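Labels run A, B, C and D following the written order; every chain starts at residue 1.
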C-alpha cells in the first residue's frame, strides 16, 4: 500500500511542480507579462490624460492583474488536464486539499511576479511617485491581495477546468468573487501611491479586509476544492 | 383544468387562486387606496412591488443555501433537496432582476438617475451575477449527482462570498458620500395604510414564491426522470450491441 | 475465494451514454486478467470504475473489500490506473515527472532509480521534456511512475500500445515481477497473442457488459 | 404624467416577468407530465 505523505509535503511538491512547469515553459514571462504590460499601455491610450492616469493608476494596475490572472488560472489547469494528470492524481488518492494549497501557492508566486512588473510599469508609464513607507505598503498590499487571489483563482479554476464550455465560465464565476480584492487592493495602493492626496495611513484598514478575504477563501478552498473537481 | 394534469395539485391550485386574489388586492391598495408619501409623492407606489421582490429574492437564496447544506450533510443524499435549491435559485434570480429594474425606475424618479453607485444597489448587482453563475454551473454536463454536488458547494460558497462583497462595497461607499444626489436611503414615512399595502405585498410575493417553487421543482423532477428514462432505453440498446457483433 | 475486485450489475454513464450497462466481474488476488473485446465495448470504463474514477450509477462494486459507491476515495489510493492518457506533465522533464510522483508517496531514491532504469528512461532521456517524447517513450514514463507509486492493483489500458518489441518484453517481465510481489493486474489490450500469453484469464467485454 | 408611466411601467413589468415565467414553468410541466407515469409524479 502506498503510504501518503503529510499534506504539507504534498502541497509543497505540487507547488514546486507548478513552478517548474512555468520555468520550463516560460508562458508567464513570454506571454502573460507582455499582455499585462500592453493592457497598461492601452489604458493610457483610452484615458489620454497624464493627470487622470496618475490618479487612477492603482485601479488600472489591479484591473490588469485580474485580467492576467484569468489567463494564468486557465493555464494552471490546462497543464493538469492536457495529459490527464489531475485524473491521475485523483486516482492516486492524493489529498485534494493539499493539491489546492499547492496550486494556490504556485499561482500566488506567479501573480506576485506579475504584480511587481505591473507596479514598475505604473511607476514608469503613469509617473507614480512613492515614499519609502508607501513602497512598503504597496508591497504588503500585493502580498496579502495575492494570497486571496491565489486561493479564489485555484478554487474556481478547478471547477472551470476540463470539460467543454467551462473555460468561458471562469470569468463569470471569478470576477464577482474578487470584487472585494479589487476594491481593497485599489484603495490600499492609492494610499501607498498617495493618489488624490490620500495619506499612507489610510491604506492599512483595507489591507485588513484583504487579509480577511485571503483567510476565508484559503479555508473554504481547502474544503470545497475536492468536491468541485471530483467527477 | 383537468385534474392530475401538469404539475398542479388541488393544493397548488387553491394557493394559485389565493395569490391571484391577493395580487389584485395589492394592486388596488398599492395603486389606489394608499396615500402618497409626503417626501416622495406618488413614486412610493413602486415600493409595493420593489421591496417585496427583493425580499422574495433573499428568501429564495436563503432557501437555496439551506437545501444545499442539507443535501451535502445527509448521508443518504436525496436529489429532491438539490432540485428545490435549483428551483429556488432560479426564481430568486428572476426576482433580483425585477427588483433591480423597478429599483432603477424608482431611482430615476427620486434621484433623477437610473443608477447610483450606492452600496445596496452595487451589492445587489453582484448578488444577481453570482446566482447567474450558480445557474450556469447547474447546466454543466454531468450526471444528476455531479450537478447536485457541484451546485451545492457553489451555493455555500456564495453564502460566504455575498457578505464579504456586501461589506467591502459598503466600506468603499462610506468613503465617497456624494452630495450631488439625494440620499438613496432616505426614510419613507409610512402611514397605516401604506404599511398595510407593503405588508400585503410581502405576503403576496412570498406565497407566489412558494407556488412557483412547488411547480418548478416538480418540472425539474420530471426533467430528471426523463433523462433517467432515456438511460434505461440506452442501457437496453447497449446490451443488444453485444449480440449484433 | 479472495476477490479483490467485485462488480455486480454495474451501470456507469458518460454524459448520457451508458458506457457500462450491467457489468459483472470478479478478480482474485494475484491474477492477471485480460479484458478483450471490440473498440467501445466498455473495457476502458471497467478499468475506470475499478479505479474509483468513474462513479457507479446503478449496481454495486467492491475493490479490496472497499465499497466503490460510498468509499470511492479510499479505493483510489490503493490502485494504479494507466489510462489512454499518461497523466504526465508535458512541460516537465522525464525525471521531474517521476520525481514528482515519487514525492506523492514515500518512494525511496533507490526505487526511483530502479523504476527509471527498468523502463529505460534513465540516461539521456531523463532530462528531455515529456512533450518531446514519442508515444512509446511516454508510455514507459507513465509505467515508471506507476511502479514508483507501488499500487496493489494495476489497471492498465492498452499498456503495450506504442512500445517496440523490446519494450513489450520488458513490460511483460515488469508485470510478472509485480504480480509475484503481490500485485493483481487487470489489463485491456488488442495485442491478443502477447497479452493472452501473459494473462492467467481472458474475459470478453462487449456491449457494456462482460460476456 | 411622467411619474405614472414609471410607476405603471414597474408594476406591469413585474407582472409580465412573473407571469411569463409561471406560464413557461406550467407549460413545460404540462408537456412533460403528458408522457410521465403516475410513479414519476409523486404529488398526484
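Brief remarks follow.
The working rule: a residue touches a chain if its C-beta (ideal position, glycine included) is under 8 Å from a C-beta of that chain, and two chains touch if they have at least 3 such contacts.
This structure is a prediction, so every number in the text was calculated from the model and none was measured.
Nearest to the overall CA centre, using the mean of each chain's CA atoms, is chain A.
Interface comparison, B-D versus A-B: the pair with the greater number of contacting C-beta pairs is B-D. We define each chain's centre as the mean of its Cα atoms; on that basis chain B and chain D are separated by 13 Å. For this pair, chain A with chain B, the centres built from the Cα atoms lie 32 Å apart. Annotation: 52 Å between the Cα-based centres of chain C and chain D.
If each chain is reduced to the centroid of its CA atoms, chain B and chain C end up 48 Å from each other.
Within chain C, the positions touching two or more other chains are listed as 55. With touch defined as above, residues shared between interfaces to two or more other chains in chain A number as follows: 231. Across the assembly, chain B contributes 141-142, 146 as residues in contact with two or more other chains.
Working note: touching chain pairs come out as A-B, A-C, B-C, B-D. The touching residues of chain B, counted against chain A in their complex, run 72, 126, 129-130, 132-133, 136-137, 140-142, 146, 149-150, 153-154, 156-157, 160-161, 164-165, 167-169, 171-172, 175.
Put simply, chain A touches chain B in their complex at residues 155, 159, 163-166, 169, 172-173, 176-177, 179-180, 183-184, 187, 206, 209, 212-213, 216-217, 220, 224, 227-228, 230-231. The touching residues of chain A, counted against chain C in their complex, run 1-5, 9-10, 13, 17, 20-21, 24-25, 79, 82-85, 87-94, 231.
Per the touch definition, chain C reaches chain B in the complex via residues 11, 13, 15-18, 21-22, 38, 41, 55, 57, 206-209, 211. Every residue of chain B that touches chain C in the complex is listed here, in rising order: 141-143, 145-146, 227, 230-231, 234-236, 238-243, 245.
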